[in-house]
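Reading through the structure tokens given below for one structure.
Labels for the chains are A, B and C, by order of writing; each one numbers its residues from 1.
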Amino acid sequence: MSAPLLDVADLRVSFRTPRGVLEAVRGVNFAMRREKLGIVGESGSGKTLTGRSILRLLPPGAELKARRLDFDGVDLLAATPARLRNLRGRRLAMVMQDPKFSLNPVMAVGDQIAEAYLAHSRATRGEARDKALAMLEAVRIREPRRVYALYPHEVSGGMGQRIMIAMMLAPDPDLLVADEPTSALDVTVQMQVLAILDDLVSERGMGLVFISHDLTLVASFCDRVLVMYGGRVVETLDARELGRAQHPYTRGLMACLPQLGGGEGDLPVLSRDPAWLEAP
Amino acid sequence: MIEVEALSVDFGETRAVDRVSFRVASGEAFGIVGESGSGKSTVLRALSGLKRSWSGRITIEGVPQGPVRSREFHRRLQMVFQDPYASLHPRQTVDRALAEPLRIHGIDGHERRISRTLREVGLGPEHRFRYPHQLSGGQRQRVAIARALILEPTILLLDEPTSALDVSVQAEILNLLQHIRRERGLTYILVSHNLAVVAHLCARVAVMNRGRFVEELDVASLRAHRTQEPYTAQLLRASEGYDRQAAEALVTYD
Amino acid sequence: MTSEAIAPRGWHAWLTADAPDSRLHARLVRLYGTARIFARNPLALVGVAIVVLLVAMALAAPWLAHGVPSAQDLARRLRPPSAASWFGTDELGRDIYTRILYGARITLGIVALVVVIVAPVGLLVGCVAGYLGGFVDTALMRVTDIFLAFPRLILALAFVAALGPGIENAVIAISLTAWPPYARIARAETLLLRESDFISAARLLGAGWSRIVFLHVMPLCLASVIVRVTLDMAGIILTAAGLGFLGLGAQPPSPEWGAMISAGRKFVLDQWWVAAFPGLAICTVSLGFNLLGDGLRDVLDPKQR
């Protein structure tokens, strides 16, 4: 089997707080090829920090430790800040939840895509502009020239997120980490954005880490799913196998979702077993 | 119980709610489903009196309502908001927040009422003197529900009450809302973008898009996919998870 | 409830209790938490120390002083600092150390009077204008603009010219021009808060506008106003000293620090201590309030909570 695109072993992230050390990620292990990997968890499960650790973009005060954090053969733990900066954007990209907060409000969106491309290639300004227009087309924006000149506050949420994707995918990265990329969007727009992401990821042979709290969505979109609870991965499974999940937390999480086809009785409530916080 | 006829709400030039009409019987749970910008929350704001400029007719318990609501009205109708942190005053303890409605309406027996209502929403005495930032999202939402219930209203408006909560907490709050409605015989109007949540709590649903009611149907028909409007069918399909072909077929209804 | 006989460790546990058992308990727990965060900032603690020192000096002046501030001894005029008179004597042989101590009372009095007038008025005007909006907002803000347009020192001069010199008139003059910025701050905060869900919830509960403004909105604007007031303290002290310097504030023989500097002007080259010590006192107290204000802002700033 070929080397994995991303290899994470014993990832730990902790914070120093006035009340002691808070361990947010407590020994996460996984490896992925060029596939769509979903990381599912509720708030406090550590899924966002895990995603950010891949790009080594942790908030100040966070301490990262791991036995192995390899990206396509590059040891991210030992990499210098310059090497990391070089990797980020060009080979490792990230899309976050709300485009309102990740797009520069005082710059036209097309220019932002062009700038992202320029930063990681030796293209001229004209070439970057063309590339930006091409990317806008790739994310199915119908009038790329008109949208190029718009400002972030002039575009809708769904369009803003597609612009973010265009910006992040312009340098043609190998791995995209998407942290709740569609949670702020309406459900129909969500489907459209996911379809675009799906196509782009397959076309370019990228790896995708899809972080979400929505188990149903992740199960239907991704190839494999990691379920996180209390800073640990409690279960790893193929998306198709979700119905045969073993871990009580995963089963409990699925059971407590209201279903359209379900009845009107009480929803089963998740009773948290403290044993889930312990290492298996 | 609640009759709304040709309700329209404008924000300047934009028409947020366009001639919406519906009826809710006493003790019924009525759902309004729509995406963001559909105007569903605005309907609630007009009903509750928070939005004062609207046109049309609103009749609640047989009494036609004007722009400003009476104090008595507030004892009959209450609302639970979406963001549990934003709906509690950050500098007031739970006790203070629950005593406030009692004070405003001159109701005594604070001690008895507050502890009883806290118990009813599943909170204990240890939560009573905490500040909102010391409570979890689910706990804060329980406090918001307690605050809405303490005046013993007959109608509860619910604006996306579980959208900001974790899935496991959502189940607890939905169960709580279900119990409370049955025990107190309340009338609910629930607004959400989540079809499954609305289908779980409500008997009838109105689908809203761009300020208009697209379709009104009972939940049994919804579950059986017996929809009449393409927008409703699309919403149903989209809420069942990601499907590549389905995504292709989606149309943005402008 | 706990009794006085609890050991220090018990107090700490009570003040950091996770589940308070009364509203007072909850408030004290929060206050204690805020105080502990505040205490982590060493400069802020320096500021507190200075302000506390000022208050202590003012209160304990009769006991700490070497006699009465107006006691003249012409035989010992313009003596340099020595064991007998720690800060030296001025041109009428009065002990400067004693005068500085009693001058602290005047400074404190001016500060307290201004704050007591300015902060509530500013808060009230700002919050009411911000919450009610419309005509009330426009009217109140125009009034605020009018007062904001007056230059502080010139208005003080005009006042004093009209009503005669004296500390009370100086305080009134300063207050009249100091309140508008607080109204503006309070209004800006209120405009943001007005749209919050918890205010909507209060309206839904049937609360009238006055209840909402006084009980729900004002307490939240208080933090910003407190911080701004503390930071403005230095300016107020300097203005009062400036008035005193010009002979328009406190009148002789009152030991007001600004007046003392003015009197010491003539001797500043040879007998530097006459002007230097009151000047140093003003500097230190201004610095103390600035540090305190910075510390309070770091602690009370809602974004950091």
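The definition used in the following text is that a residue touches a chain if its C-beta (ideal position, glycine included) is under 8 Å from a C-beta of that chain, and two chains touch if they have at least 3 such contacts.
Just so it is clear, the structure is predicted and the values come from calculations on it, not from any experiment.
Colleague: Think of each chain as a node with edges to the chains it touches; is that a line, ring, star, complete or other?
Modeller: Per interface graph, the chains form a line.
Colleague: Name the chain whose C-alpha centroid is most distant from the C-alpha centroid of chain A.
Modeller: So the chain farthest away from chain A turns out to be C.
Colleague: Once you find the CA centre of chain A and the CA centre of chain B, what distance in Å lies between them?
Modeller: It comes to 32 Å between the two C-alpha centres.
Colleague: Per the centroid of Cα atoms for each chain, what is the distance between chain B and chain C, given in Å?
Modeller: Result: the chain centres lie 47 Å from each other.
Colleague: Can you check how far apart chain A and chain C are, centre to centre, with Cα atoms defining each centre and the answer in Å?
Modeller: Computed from C-alpha means, the inter-chain centre distance equals 51 Å.
Colleague: At least two partner chains per residue is the criterion; list those residues in chain B.
Modeller: none
Colleague: Please give the residue numbers of chain B that touch chain C in the complex, ascending.
Modeller: Chain B residues touching chain C: 48-50, 71, 74-75, 78-79, 81-83, 86-91, 93, 95-96, 100-101, 104-105, 125-127, 129-131, 133-134, 144, 147, 151.
Colleague: Which bits of chain C are touching chain B when the two form their complex?
Modeller: So the residues of chain C in touch with chain B come to 18-23, 25-26, 30, 196-198, 200-207, 211, 216, 219-220, 302, 305.
Colleague: Quick check: in the complex, which residue numbers of chain A touch chain B?
Modeller: Interface residues on chain A, with respect to chain B: 42-43, 157, 186-192, 194-195, 198, 213, 215-217, 219-221, 252-253, 256-262, 264, 266-270.
Colleague: Could you pull out which chain B residues touch chain A in their complex?
Modeller: Spelled out, the residues of chain B in touch with chain A are 35-36, 137, 166-168, 170-172, 174-175, 178, 193-197, 199-200, 222-223, 234-236, 238-244, 246-248, 250, 252.
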